[in-house]
């Protein structure tokens, strides 16, 4: 089978364009095609499947930067014997997407090195795949206890610490199994996906407006990031280009979300080293930022602002308020960075190496703190100007902390720059290219790059796939925790601060 | 007859079955036990007479043709005779039970009464040849105890190391004795004191050091301690109890008798040497004990620790004698003796419980034990009391000795110049030792006896037989008795101190223990009474308020939402030790090896992880193994001269002995 | 009368300790710009716990069942054997400081064994950490006692306080200052406060004391909570009276002096506790393996106090 | 001022002097170390001031004011310049780890007592009794010079060494002759300038002065 590659140019905002291409392939040449693009500098950002009457259509979305390129490889597998070759050899993230598809669609990855269940709950019936079965919901036996088969660490003297899914703090469910020797963590295993919401299926049948509202609930702290990604994916599918004014307003709100969440994280980091004073200051600042959000959008969490081609934002952007927050924030950072005990806890704790982070496809703050230059605002922009890029090298808690600090600083000045675009008068959003079946978007949320892919037919969403950056970052947490001491875990976990909800769809 | 070092579980299993069906003959066991009991009882009787009556001495020409056998009693020999005799008496029932249940080599069994007998004779010896004769005899009689598992590789190695250290020590003692007796031929040991000060200082110092090495190797003084953690896991429980509780103390006896009394007042650095060796031994011993996970190895290292503490006390005794502070010297000696007496009792008890576990479960690895409190209640309470004592806490038998030691230290006079620094240093050592021993004993008790069983065999165990429990209960009572009313051995301290220093110590031992001149005092019974009153008060309040509360419920433990907790989810002994290994990594030099079998080069998809933690003795590795390799190199040159047979070694030793005797005469 | 003052002393400790604990929380909250809970919150919590039914975790044995009681009893005994409001209490000639340390350790050990008996990872982890800290504190605390006992030529705690009271100039000496610093670190470590342990954390993996008692519930938890706050008050009371015994009642014969003793103790303990809480605001929790550094520091302070006591001549004003 | 209160204050001050010296061995922040050096020099100044007031010696008081200016202000300020303001201001790597350092410092103090015992015995006055404190500060400074890698810490240790010499001088005599003292001051200043030059030179050549820093990570 020969691959026919379609290439086209597409505009997101006036002035910003992307090169997109797609091809169809078969299972024999899949590995080669994906390997080719990975060698070209693309990364695998999303894999989705769509059940068709006879087949399941699997789409691999690869994205490249400089220039912004997006390539889709499509493969059809049979409904009755769904199999595809595993890409685990060339891509760690592919191996996890494959496990997800195996659990939700029943597509078997051939030669997968670790074909364990990932998303699947232990008490789901054997032959029932939630994304595929059109039949009725089966009866779940709530009492059926199926322990997850953690890979044990052999050796005498090792003990296991089971933590979660119910935690002492009010966080979402996740089970952490430490294989430890005294205080040293030999291996950490994480079991997530305790609350499968069937979110991707919920999108099917929604109108774009409903989908945008629903996307706000993907991960509560990334309301704006996810709904923006959904909006842009829909706009992409419908071929809509938004004016610069709208794009800049969206960019401002994205940064606002980044600022309040990063401040919250910095406070939580201080709290986790027992420095509650630092947390108190940070909480104060976070509250101030959220009030500013509220004055901008009527919502502290920036909800209900987006629509296809539009954004609702108050005319008055309180730049003085932001400056006030920024200067208070500098005081907080002054306190934190000069505190020798805090520094001692942060410095050198839980290092995530560059090679491993790269191999796992880490995104966002975590990746940038380990020296990987990946930022959708620069690599896949929707606004004509981007923020100042920054990365750090060490990859320890301290650099994840400092990375957040630097990003807040960058965000503040970025907002100031963006503010002048708010006054640009331009025509409203318009359909610039013919509508297509699918739309794909990349948005740099505060955790990292969010990828959404939707398919729309007759104004109704027919398929949706959501990838939160946490999906890529979760596996890096156990790697960083290896040989770290047990009591440092809460701190390390907080320095990653990954989303459970965005991961468990 | 199962050693913890056996790694193949199947071999252990079949051994276990064999043991059950092949008990030793009842008559033979009764005979052995009766014999041992007779020896122990007469030793105890002689001990009591020796302490309270005026010194006695006698001689016969029966055994040693050249000098004859010379025996004598004085309070010092009485104290050590009392330790071994009384411990021997209390151990007998356990010995009976152990022998009835476990099959041991006949030589080992026969060696037991001989061992007790020779231990009783060592302190009674009244001339250097007699002493050395009995000392060698005791050493030889103890070898078969260690060689209880001749078919096992680690058993053979333990026997070899024990034999080597014993003979090394004996050689050092031999030369030291030769030097001492060369200057005073024929002088009885009891009369040797203070005579030697006219001798040349170099020679005396040499004798001092050699005697310290020789007796120190028996007492487990670092770096001569390496046989302790090897020999104890091999020996049967009751034999370990005797070796650790009594025989090891005889090393201290030798140091007191020869290094201090026979060699005269000596130089200050002698005393400082004793204190330094004691300090190193105490800290190194307890550090190793705290990181080891085999119950018997742990107890063996803890023995080294206690001997170190006793040596500190003895060193202070020596120092105060040199500084002409007889009262403080008497206190230090009293502290040392109390530490040794208490050690005999609680370590005897701990080793008996370890013996019960060895006999009933066959495993002494703490990481495979757990949950014994529910199935072996008597042993658990017994070990609890032993652990309380070993931690040096109030209401434990060792507290009194350690408290007296601390009191001696803090009452150092101000006018002794820089020597005063010994005070804070020794106190720091004792305090760190005490703290770490608390941790060690909590680990041993908490991991081994509490929680749930970590292995199938630990879960299926039963309490040991009634006879074995009898011994455990007797020792429990003895420990509590000493803890609450050390007045029972007041006469020992008084007589001993009077006979050695000519002054009565200012220690008033009784249910209230005080140092008469300093107003420092403790009263364990009052403390216990307060505890009881408090407990009753709380009980009453709980009873009174119980009706206002809902009924108690039985619920599963908190598993963070997971339904079951497996035994693998409880803390392990190795884990308990890990933080200490980190903190004291410069001393302990931990070794850890993690083997990962991964799909990719970055260990992202891992198929198997295997961790190997190998506890080891850094001193053994650094010093003795290197020495052994060097010796091996030399020895390979002379290999054809000897074939490694035990008899030839002993013959060589005997030849050397004879030569020295003739030369010095 | 002396028995009455003993009972008064114990009762006083039981009553004020929840309040002092709450006072520290209040001060911390205020310093961080929060309102903080009411001073009576501690008492309310104890009352709530006492009313709750007990849950016996399946698989635990008598060590777990008895641990809270032994912990509380050892604390009650502690409050009976140290000079807090009066210099003469029944049996006071037998209360040696080394003995007091032993009693303190017995409580810690009971709780540690209770933690190990639960056969959970947290119980064991907490026990291991608590005992590691306890083991490393031991040298510091005994060294500080040594320094103090040189002054009074006795390790009897009542005698030491008496000696201080009769010769207050001794306090103003470097050796006393050094011993005080050493002891304060010990108190912070022993009571599990920041920077050693964070009593307000809910993160089970970092806890020391709280991890040990994770399974303890209902009235037993009330016992543990009460005993923990009592230990803090007792330790603070011990330190203030060892160094600033002002106001303590010389004898137990006069009611007035006992009342004065009570008032003085409450004021002194509140002040020091408040100071500790205020300082805590500016501190973070140390990494677990930095704790030995701090304890080594306190050991050195004790060591220097002892050497200074021996080498610096006694100053008599 | 009475003898008793003078001696008491003198002991306290020299105790504080030793405390700040030891705290430098503990502290990791380089700026923190410089602050401690200032405190140390202030204690030294007070030592001189006390002696001066007690002996009613104006020259001594003047000398201590010079000490205050040079040692508590001048030298620490110069050293602070050698610390990279943008880079790493922390001393993470040490030849001897912190816990061991603390214990070694204690051992050094004990050793100082043994060392000075004959000297103190020669003239057992109350003031001489604090000579071991000065000597141990001296030895601690040597220990720091030997075991620290950062240039800034070595400079601090050197300044500390100088302070300790002066402290010993204050203890031993009623004060050092002004000329000797000022000569010593100049020496030190010279040396520090050289070292500062060296440090900045090194910094420009190798970006990081503390390469082995990553070793700390697994602690």
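Note that the chains take the letters A, B, C and D in the order they are written out, and that residue 1 is the start of every chain.
Here is the rule we go by: a residue touches a chain if its C-beta (ideal position, glycine included) is under 8 Å from a C-beta of that chain, and two chains touch if they have at least 3 such contacts.
Keep in mind that this is a model prediction, so the values were computed, not measured.
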item: Dominant chain pairing [most C-beta pairs in contact]; value: B-C
item: Geometric centre: closest chain by C-alpha means; value: C
item: Rounded Å distance, subunit A centre to subunit C centre (Cα mean); value: 48
item: Computed distance of Cα centres, subunit C from subunit B, in Å; value: 35
item: Intercentroid distance (Cα basis), subunit B paired with subunit A, Å; value: 62
item: Where subunit D touches two or more other chains, by residue; value: 99, 110, 113, 219
item: Shared-contact residues (touching 2 or more other chains) in subunit C; value: 121-122, 124-125, 128-129, 288-290, 292, 299, 303, 307, 311
item: Per-residue overlap in subunit B, given as positions that touch at least 2 other chains; value: 421, 424, 559, 565, 569-572, 575-576, 579, 582-583
item: Chain contact topology (line, ring, star, complete or other); value: complete
item: Interface residues, subunit A side, partner subunit B - complex; value: 88, 92, 95, 113-114, 145, 147, 151, 153-167, 173, 175, 179-184, 186-187, 355-356, 359-360, 475, 479
item: Residues on subunit D engaged by subunit A in the complex (per definition of touch); value: 27-29, 32, 90, 92, 214, 216-219
item: Subunit A residues touching subunit C - in the complex, by the definition given at the top; value: 159-163, 167-169, 178, 182-183, 270, 272-277, 280, 284, 339, 341-342, 344-345, 349, 485-491
item: Residues of subunit C defined as touching subunit D within the complex; value: 169, 172-174, 177-178, 289-290, 292-293, 296-297, 299-300, 303-304, 307-308, 311-313, 315-317
item: Subunit D-touching residues of subunit A, taken from the complex the two chains share; value: 338, 340, 343-344, 347-349, 351, 396, 483
